[in-house]
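There's a structure below that I have some questions on.
Letters A, B and C mark the chains in the order given here, with residues in each chain numbered from 1 onward.
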Amino acid sequence: MFAISIMNGLVMGVIYALAALGVSLVVGIMNVVNFAHGELYILAGYFSYLFASALGVNFVLAMVIAVGLVFVLGLLIEYLLIRPTYGNDMYSLILTFILSIVLQNAYLLIFGPYPNKPPLWVSGATDVFDLFLYGNQRLAALAAGATVIAVIFVIIKKTWFGRIIRATSQDRDMAELNGVDTTRLNMLSFGLGCALAAAAGVILAPVFPVTPTAGVPVALTAFVVVVLGGMGSMWGCVVGGLTLGLVENLGAAFISTGYKNVFGFIILILVLLVRPAGLFGRAKI
Amino acid sequence: MTGKKLAVIAAIILSGMCVLPLGLGIYPQHVLIVSLFYVMMASSWNLLAGYTGQVSFGHAAMAGIGAYTSGILAVKAGLHPWIGVCIGTAIAALLGFGLGALCLKMGGIYLSLTTLAFSQILHIVIVNEYNVTRGTMGLQVPGLMDEYSKITYYYIMLAAAVLILAILYRMIHSNLGLNFRAVQNDEAAAKSVGVRVLRVRVLAFTVASAMAGFAGGLYGHYLLLITPEIPSLDLQFKVLAMTVIGGMGSFLGPILGAFALNILEEYIRVYGEYHVLVFGLVALVVARFAPNGLTGLWRKFRPVRTQPAVKQI
Amino acid sequence: MALLEGRNVSKSFGGVQALSQVDFTVERGTIVGLIGPNGAGKTTLFNAVAGAFKPTSGRIVFDEADITGLPANAVCRLGMARTFQVTRPFGAMTCLENVMVAAINRHPQKPRAFIESMAREKLSFVGLAEMEGFEARHLNVIQKKRLEMARALATEPKLLMLDEVLGGLNTQEISQAVEFIRSLRDQLGLTVLWIEHVMGAIMQAAERVIVLDQGQVLMAGTPAEVVNDPRVIQAYLGE
């Protein structure tokens, strides 16, 4: 029981970390919290279901297309909605909150309230350490999530594009003075943030049912992770995500399943009270 | 618009409101009652988001506090609903004070996230503590008077709404209101001229939460059934949409928004449960292209010069 | 006793030492200029004194009271007003309301009529009487500066801290502004601490000038002494 909770915690943790990275990227570059993050996460799930199950496309291709479509949608959202709000945090918060509700209801209208599931990548279960059986799909999800996170780290830390992102999120004005086209970077970053949410979405869609409102807890948890780990810290997202995943699942197993989501929120409030900069965050001046 | 003119117009509208339900059927009366609930909610949320720049996602939760406190006290302790509503209001005020104080050092986004977390925690607790709250099934509670009468409820809600609006009006046109708006416009500048920003923000939170608790308490005893739908993000969204569409930071805006959206909802319901989607799309367009809402648009078309030196409405 | 005194004031932001061991005094009823090349720490010093943030170390004494670390609104209530380098009006409020905010916090108990007339008086003092009903965001830069001045004056300060108020003004406007600031000292008895880049104005109006360079006090003296000091010339040439 304990071991399975740990495994579940790790799987969810990796997914939370991935979603949180998407949020953190956008917050770092644009100081915008995308309330609709969860809806884009779930949209990718819907797309992958649509292409793979309904249209019979190869499931890997379906996932790639799904992420790509959400990326493009992200660019559009930035251009139409977010761009005019630059500098006014409250405005973008309100707009993305409204967008989130609109999307949820749109999904309800288009896809209906019943859960949809794209096909599993692998079936069956594996004997883990000879202790217990664990679903292969979940193991695959864990591996996939960890891989994507690793790729993101490499891109941000090692490539030229990553350097631009780090520079701009640390000091926007300086970056601009050095010739960075921050407007275009905003758009790309937002799209990328959405793509990360989408990646998390397609990875987890075969495991958990895709319903119109299933994105809400994911987004909320991603926000908690970003605050816990510290705004602007990638390692913070990873550590925060794993921590939260573990706390939630162990808590659900040993304390109460109904209160599963409370832990995250309590952690959020505690962090904001005690150490608003989070575990790895930059302390505010 | 002078104060006297305003008073006359208000009196006319109020008399109209008093007479209105007499000619309507039971269901339209219900729609009006619900609208009055939202008028209280949207106007008090406007105090937070429109006048002091604190976008709280915990307002519906405060209404839930009022409703559940009163309901539980009535059911478990046999307290008369009117007393319950008073206690519910007081508890909401207390929590509002606490929440406001908690959020003092936080910037805008953190404040919103904290209020969101608060509302989610409350929602989860209510859903889980079935023995006390009856969870999603809902808590059946007695009404505000012994015999059920829609018309009487209407007048109660109307009186409550007028009370809330009167208090808000007084606040906004007092020194406090000037301080509120200064903080909203530019907090650092406000501080530099002596405004006690922290005090102002916590005060706004306390008052607004008390009002939401009051409205929620009355509403719960009107519906006779208190469900987790009251402290829900969906209700919070409706309140937000009404305020945004009507006009944040204006006195009339939330009132207009509340009535408009509730009546619109009834028309849309004929076709199906699409009203939330429609509200959302309208709110999105309004928020994006006319951030000051309907009242903002109206004000844009008034020439700058005719504005009074001190804002009346 | 000096009206304002800074003793050993230092401020660091993370790794950057913005101010080190700054000592200065501002005597009552004088205009003191604060000059220095860009990045010298002038606005940082202002902010530390006015309560925008706490100094890392050192003491600030205003009117014989230690105000180190007090927040901006408390400092204001003790009698210190400031303007901002880039004006910060309450954009969505009318000019009259802008000044009223300052007035009500100075006189919280007085009736509305008193506050309004006080605000009107300040507005006409700075020449903005006809603009009272206009929302502040519709004003041009110079009008915004005047509004900020009116607002600051409505707090009935003992010390007025001005941060580069002459930026963007033409020659005629500059001399009008200098006259105005002089009259604040001569007719209202205010003390003024004035950051400025327009040297001519400072040299005309100030009795004393403090020179900051790289977070430290380079020297303090009369305008004539400062202008001729080789260290000051070097600091400016070197930028």
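Please note the rule applied: a residue touches a chain if its C-beta (ideal position, glycine included) is under 8 Å from a C-beta of that chain, and two chains touch if they have at least 3 such contacts.
The structure displayed is predicted, hence computed values, not measured ones.
Student: Can you tell me which chain is nearest the middle of the complex, judged by mean CA position?
Tutor: Central by C-alpha mean position: chain B.
Student: If you average the Cα atoms per chain, which one ends up farthest from subunit C?
Tutor: Chain A.
Student: Would you mind pulling out the distance in Å between where the CA atoms of subunit B average out and where those of subunit C do?
Tutor: Subunit B and subunit C have C-alpha centres separated by 42 Å.
Student: So, what's the distance in Å between the C-alpha centres of subunit C and subunit A?
Tutor: Distance between chain centres, rounded to whole Å: 47 Å.
Student: Can you give the whole-Å distance between the Cα centres of subunit A and subunit B?
Tutor: Going by mean C-alpha positions, subunit A sits 32 Å from subunit B.
Student: Over in the complex, which subunit C residues touch subunit B? Could you list them?
Tutor: My answer: residues 50-52, 71-73, 76-77, 81-82, 84, 88-97, 100-102, 104-106, 108, 115-116, 132-135, 138, 151-152, 154-155.
Student: Which residues of subunit B touch subunit C in their complex?
Tutor: Listed in rising order, the residues of subunit B that touch subunit C are 175, 178-179, 181-182, 184-186, 188-197, 249, 304-305, 307-311.
Student: Where on subunit A is subunit B touching in the complex?
Tutor: Residues in contact with subunit B: 33, 80-81, 84, 89-91, 93-95, 97-99, 101-102, 105-106, 109, 216, 220, 223-224, 227, 256, 258-259, 261-262, 265-266, 268-269, 272-273, 276.
Student: Which bits of subunit B are touching subunit A when the two form their complex?
Tutor: 49, 53, 55, 57, 102, 105-110, 112-114, 116-118, 120-121, 124-125, 127-128, 233-234, 237, 240-241, 244, 274, 276-277, 280-281, 283-284, 287-288, 291
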